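Before anything else, here is the set of structures, which you'll find just below.
Below are two complexes that have subunit A in common, paired first with subunit B and then with subunit C.
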Partner chain A sequence: MFPLLILHVVLGAVVVALGDRLGRRAFAVAAIAPAATLAWLIPQLGGIVDGDPVTSSISWVSGLDLALELRADAFSAVMLLLVSVIGLAVCAYALGYFGAGKAGVGRLAGLMTIFAGSMSGLVLSDHLLSLFVFWELTSVTSYLLIGNDDTNPRARDAGLQALLITGSGGLVMLAGLVLLGQSAGTYRLSELVASPPAGAVSTTALMLVLIGAFTKSAQWPFSSWLPGAMVAPTPISTYLHAATMVKAGVYLVARLAPVFATTAGWRPVVLAVGSVTMIVGGWRALRQVDLKVLLAHGTVSQLGFMMILVGAGTYGLAQAAVVVLLAHGAFKAALFMVVGVIDHQTHTRDIRRLAGFGPGWGSVKVTAVLAAASMAGVPPLLGFIAKEKALLSAIDGHFIGAWWVVAAIVVGSVLTFSYSARFVLGVFGRLTDESAVDAEHPLVGPEVAVPSRAFTAPGLILAVFSLAAGLAPVLVDSLVAEATRSLHPEAKPKAVVLWAGFNSALALSVIVIAVGVVAALAGRRVEAAQTAFHRPVAKLPTADRSFWVLLQSVLRAAKRTTRIVQNGSLPIYLMVILGVSALAPIVPAATGLDELPVFADTWLHIPLAALIVAAAVGSTIVHRRIAAALMLGAAGYGMAGLYVVQGAPDLALTQFAIETLATVLFVLVLQVLPRTFTDRSAAVIAPVRIVVAAAVGVSVFVFSLAASQSRADVDQASISAEMLERSVPDGKGANVVNVILVDFRGLDTLGEITVLLVAGLGVVALARTVHRKRLETTSLVPSPVVDASARVLFASILALSIYFLFAGHNQPGGGFVGGLTAGAAISLLYIAGGNPAVRRLLPVRPWTVLGGGLLIAVVTAIVPILLGGAVLEHALFEAELPLLGKIKTTSALPFDIGVFLVVIGLVLMAYEAFGDDPEDSEDSAGSRAVVTS
Partner chain B sequence: MSIVLALVTAVLFACGSWLLMQRRLTRIVIGIGLLGHGANLLLITAGGPAGRPPLIGADPIDSLSDPLPQALALTAIVITFGVTAFLLALGYRSWQITTDDAVENDIEDTMVARREADGPEGPVDDGEPTTSEIGEM
Partner chain C sequence: MKLTGARGVSGLGIWLVAIWLLLWNDLSVANVVSGALVAVAVLGLSRLPKSYCAGSELGERPRVSLPHLLYFGGYVLVKLVQANLVLAWEIITPWRDRIHTGIVAVPLRTSSDLAMTVVANVITLTPGTVTIEAKGTPSVLYVHVLHLDDIERVKAELLHLEELSVKAFGSRAARAQMRGGS
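So, the complex of A and B:
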């Protein structure tokens, strides 16, 4: 079954890709797909009819029970027959329908093939979620097919309406399917109906699923999209919007009804919606002058009929529904093909302008009469058998509302007979109306060109099938019986027969036909009565109009909301984000707070805390930029003090070095900016800002207390404890923090230094775009004393940084700390002599250092893989070196050297970017061009 | 976590957020710096009470402070430095172009907000299209 679905998609894609190169022959190519389906199905049919479904399954995510489960039982086979046989007929018909050189035909044929694949997948799916996916695929392909003529605004609107209604219905259905699957514990359709869930959740789920089914099968009040969809070319309307896709909702309800029909609310909802749809659709069909729109409303009515039959949930009505599915597929497709032939030859479908056709039109007339008679339920056609079976089963049906069903079917059938008669009379030219005829829109009659045999044959074949199956129902009987059993395993369906004897159903059929004949004879009077009835009704909003009004108001509301929430002010966006993130956790965090902890762990915290708080508050108050930056630095030194007290020397070292570097950077940048801030915020914003900031503070306060209390629950065998244990034996280092950085979590570090590299490149790219003069304030006045002492200090600080780097594995230090210390040394050089001084002592370019560092780290990470180990697996080295003595290290050292170089490179990049003009450097021009281009 | 440290964290976050909601890029950079401090403090205190430096051998293992948050905070400090440098470069660039370091309103969003709501209105008649209006194919 899977190759079949894949064939549809591939073939469809190829035909779409070929575009108009094939012309109308695209449909000949597209016919391969339904032919393949038939070729696959027919040999299996014997087994399927014997009650032996074909299954196939591909597991996708077995842990989530996600699988593509296909299952072809007899009911699926009925649907698949509709899809493939009518697909073939439509392809043959389209060859005659589309003129040579018509644009967009290739796309139509390809999309239709993809649709056929989706529809086949839908009726074969045994898994609720894959069923949903195929369901939505049919909605999407339907949208594309309706709107295929994208220059026509009506086509676009109709496509959009169809997509929005069926698509949103599909989403509602998805919610229902998930609820259903969760409460049943299985997503298999076959298992679900074998052991159905019960209770409020499954009732809700079923109502949601029903909404999806109603939108798809154009049930009132979701039916407005179907008449609109008639804007599509007739072959498409025939296939999707009469024979197959619109039956998807009926199909799903048929699958669920046998076990869920007795659920609270199911029967009232389905029977009410179905009968309103059947009657409203029939009534509206009766007023139409466009043959195609008449048929569309007729389809709506018939879908309502089918919904009643499958929704009632008894096997007798289900059996009738299967016959109706077959009969409707045949006669409605044939009728659409008749309309398409007329439209193609006369360029009109208005019954007021059709004055009857000449002798060459015999086969069209036969098709129209046979198919319409089947639709009207006239013996001996298949439609009659279906209607008889339905009436008989409804009369015998032992459920509340059975008589309601009988009444709805009778009323609906009278209307169906009437509009069928109207269709036939229209085709035969008996409903011409002078008021619709003028010079531009003349009457069309016997002089019209006769359609070719090939063009009329597909419709004729389907119509003849309606007659043959009606005369000899044994043709379909075993398939229908088994399809009924696959829905209702306990069913003992009686054979479908043409003549079931004199009974109440036959009496009702006679009444229906008699009333229908009278109504057809008194056609003009019926029309007048309808018009009179519609004068007051026309003022009521139609479902169609309501849809567009609703859509407009949604768009307007969206615009209004956008104007408020997306007004362009970034501070306001941040206010919303911060406000929400402050409020969201506060309640759960506060409830997690059992008791207030101690005021302070140690008195050392108190002065440090005071320093940080004062600096933080100060940085928000001061007006001078540089003062604010220095306040940030002060807070940073306070933090470093806290780290010392907390027992984190690596952090303290890092923080000290960073604050020094950051302060120099701020000074470099801020010297070009105005000295003070000028606040120009609106008066409304300022207080809100304070409130939001305070809320964030309170939220963090509560959260941090609650979070540290919940830590007590963590058992001792935490990941940190394991790291402490394994640091020396596995990481060969005593400084656990450094071992974590270069070994246990080394891959994270690799990612982080990559971020540093990107930041460094970004800094240079952003700031180094213009040349600038060396600013007087950037460096101290050159002085030999400063210069000499700077060189001495540089050398000693650099030595310290290298010590940090090498000792870091066992003592506080490491690549980050060492690199930052070296960065501080470079700052010193910069302050003494600007960038030229830096370059004299460090002749390597900043980007070389940065990139080289990352390269070393990456190579260290990768080499173990090449040697057959894991990423960043480290080896132990021991070596005797001059001066330094015996060195015992691991290959983590080169990795740390990489980190060291990246950090130095970042500092160098910052000076390169913000420092004085590098013009005076001989080799900078070329390199700069590379970086800034 | 003691009340004092929680209070420090709260003040750092509050001041940082307040600065973040400004239009001056300099203030935003400083705000990010304060938020970084606050986040690091939160990380470190999440590691439990103070202890001896996590160096194996010098002290008994159960007296050591938790090394994992320290490693996380260490890289966070360095990354914050990188971000600060980058934001300063942004401010610098903004000054070069506009002689100001203000964050202006987002132009795209302003245009979106000004745009008129448009969408299909649907057919204007009573929703039952008649012959000639329906597909010509």
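So, the complex of A and C:
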């Protein structure tokens, strides 16, 4: 079964990719998929009918009991037959429907194939979650197919409405399925119905699942999307919105009803919704002048009918439902094909403008009459048998509301007969109306070109099947019986027969047909009565209008919320972010405090702390931006000084490097900003800013204290001791900070440089959205003194950075410090020669350096896995070379080189983004594409 | 001081290897070899745009005179200590404000880039004076001075520095130019 589903997806993708190159032949290629399904299904059918389901399973996450489980029992086989047979018919039909050279046909055919795969997966899934995935896939493909003509706003709207209704219903259903699966302890459909859960949770779950099923099967009040979906090309409407997809909800309810029908609330909800849908749909169908929309409302009505039958939860009605599924699939597809033929030949579907067709249209007329008769429930067609079976089982049904069901079916059937008659009369040109005809929209009549035989044949075959299966129900009897048994294992279904004797169901059928005939004969009066009824009713909100009003108000509310929450003011964003991050940890942190630490360990702390505080306070007071930047740098140097005093040379080195580079970059950015801060019209007033800033300061202080004290409560006092101990033997490095960075916590570092890279790309992309002029102020007069000095310094600093990179494993240094040092050297180059000098440094672009660095780091991390070790597992390389002596290095070195390159790449990117000479002239288009992609 | 020339490059290369050895604090064959590799790599990277190397060069071979070089070094060292002391005194006696800043343009007699570079950097190295701009042909240094009491004295001092540096490692042509100019 899996190869079958994969075939659908691959074939669909190929056809979509080929696009319009195949033309309408795309449908001939697409037909391979349903043909393959049929070829697979038919040999299995014997076994399935004997009560032997075909199963197949692929375990995915065994710990979570996640598996792809497929199971084809007789009921799935019925659905699969619909999907494949009607799929084949539709593909054949589409060859005639789409003219040569029509755009978008390839995409339609491919998406339809993918849909067919999703639908097959849906009816084969035995696991609730995979069922949900396929369910949503059919919604998505349906959306794409309805909106295929993306230049038509009506098509887009209709697609959107269908997606929003079925998609949100699907999400509600997911919640229900999860509740159901959790309360049952299994997500397998077959196990679930074998041992159903009970209780309030499962009742809630079932209601949620029902909502999903109702939206999918266009039950009232979620039915408005289905008539809208008729903007799709007729082959698509035939396949998705008549024969297969809309039956997914019915399918799911049918699966669950046998065991859950007696759950509180199930029958009232399902039967009420089904009845209302059946009657409202029929009533609406009777008012339509567009043949296709008439059929759409008819489909809604029939789906209500099926919902009643499967939802009641008795095997008799379930058996009737299986027959209706088959009968409806055949006659509704045939009717849609008739509409498509008429639309294709006459370019109208308006029954007021159809004046009847000539002699060449015999097969179309036969198709229309046979299929409509089956829909109306006229003997000896399959639709009649289905309706008889339904009425008989409902009358015999021993459940509360059985008579309600009988009444609903009778009323619905009268309406069905009436709109079926309206359809046939319309096709035969008996409902023309002068008021709808004008010069632009003339009557169309016998002069219309006759459709080709290949175009009309698929519909005729389906219509003839309705007749054949009605005359000889034994054709489908065994499959229907076994499908019923697969839903109700205890069932003893009676044979499906055309003539069940004189009984109450037959009497009701006679009444239905009689009333229907009268209503059809008095067509104009019925119309008048409907119009009179709808004049006051029209003021009431319809489901369709409610949907759009609801959607508009949701969008308006979203816009309003966005305007408040995302108002675009950086100060307010910062205030909220900082305020929350200050307040959130302060309470738990403050409660964890036991004692205040020693004020100062050595007297050196005091001047350093004074420097930091003075610089920090100063940076908030001064008015000139450059002064504030320098103050920040001073505070950072003060921090570095503290690290030195505390005996952390590595941290101090890193801090010094960062502060230096940051200050230089700051100055760079400040070139394009005003010299002084402007306080006017600040989004956040000064007192609030002061409070937030103070809160952040206090919060960080308290948090750091609490964090450093919290280890006292743990048995193992400090992990530092362990790290120090393991550094040389396990990490082969004497510099424990570097060993932690590249070995013990190497994966963290990998994550961090990835974040750094992403953030860097984002910043550059942002900076590049602003078009800047070339800055004149920074261009230096060519000076041999600066040139020569810069060269000597640049080379020396670069040598130092390389030293840091290589020495870092055992002495202060490392890839990060090395990269920062090299960044300082690059800054020097920038000062001497501007961006051209920086660009000339390397033959590659900055992002290449950045990505190359990350690539090296990732490869270093992955190679040990490929060799059968853990991520970033280190290896020690030792070699005794002649003359050079012993060479020692670990596999941490390439990782450090990766970090080194990432940092250099970032600095290069910063100059690219903020330096003078923004590159907007030469290859800006190409480079921008690289940055933003 | 054309660093694209073979001499300049090799000089810088030797300097880089020396830094490398000092950093590792270990004179071994491996370190010399790796230092040479690093120097080659760094020099390969430190190509500056041509326009910035266009300074004129008189008598391409700098001639180092050891006695003059020693004297120059000693002089700079003395000046450094002296300036440090002056500035330190200035800082700890803020009530006696004798600072009188200004910018002095010093037209140099030499057009040797090497001499000019050395002078400019020594000026910057000395507390209290900063070279803020250096222009080639005709060579002029713009120097920011903290104690600008007598412009001529400042100029004379800086010109003396220039003379010493040319004597220490000026090329033959630079020396000739110096004699002609003074």
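Just a few scattered comments:
Assume the second predicted complex is superposed on the first by the 568 of 933 C-alpha atoms of A that agree within 3 Å, B and C clash if a C-alpha of one lies under 4 Å from a C-alpha of the other, contacts with A are read in each partner's own complex, and residues count from 1 in each chain.
Keep in mind that, in the parts below, a contact is a pair of C-beta atoms (placed from the backbone, for glycine too) under 8 Å apart; a residue touches a chain by one contact, two chains touch by 3 or more.
Only a predicted model underlies this, so the values are computations on that prediction, with no experimental measurement involved.
Of the two partner chains placed by the overlay, only subunit C lies in contact with A:800; subunit B stays clear of it. In the superposition on chain A, contact of A:651 is made with subunit B only, not with subunit C. More subunit A residues lie in contact with B than with the other chain of the pair subunit B and subunit C. In the overlay built on the shared chain, the residue A:60 is in contact with neither subunit B nor subunit C.
Look at A:837: by the touch rule set out above, it reaches subunit C but stays clear of subunit B. Of the two partner chains, subunit C is the only one touched by A:789; subunit B is not.
Contacts of A:533 after superposition: neither subunit B nor subunit C is touched. Partner subunit A is touched in their complex by these residues of subunit B: 1-24, 26-27, 30, 33-34, 37-38, 40-42, 44-57, 61, 64-68, 70-71, 73-75, 77-86, 88-93, 95-96, 101, 103, 105-110, 112-113, 115-123, 126-137.
Residues 781-792, 794-796, 798-800, 802-803, 807, 829, 832-833, 836-837, 840-842, 881, 883-885, 887 of subunit A touch subunit C in their complex. Looking at the complex, you find that subunit C touches subunit A at residues 1, 3, 12, 15-16, 19-20, 23-24, 28-30, 33, 38-39, 41-43, 45-49, 51-55, 113-114, 116-117, 120-121, 131, 133-136.
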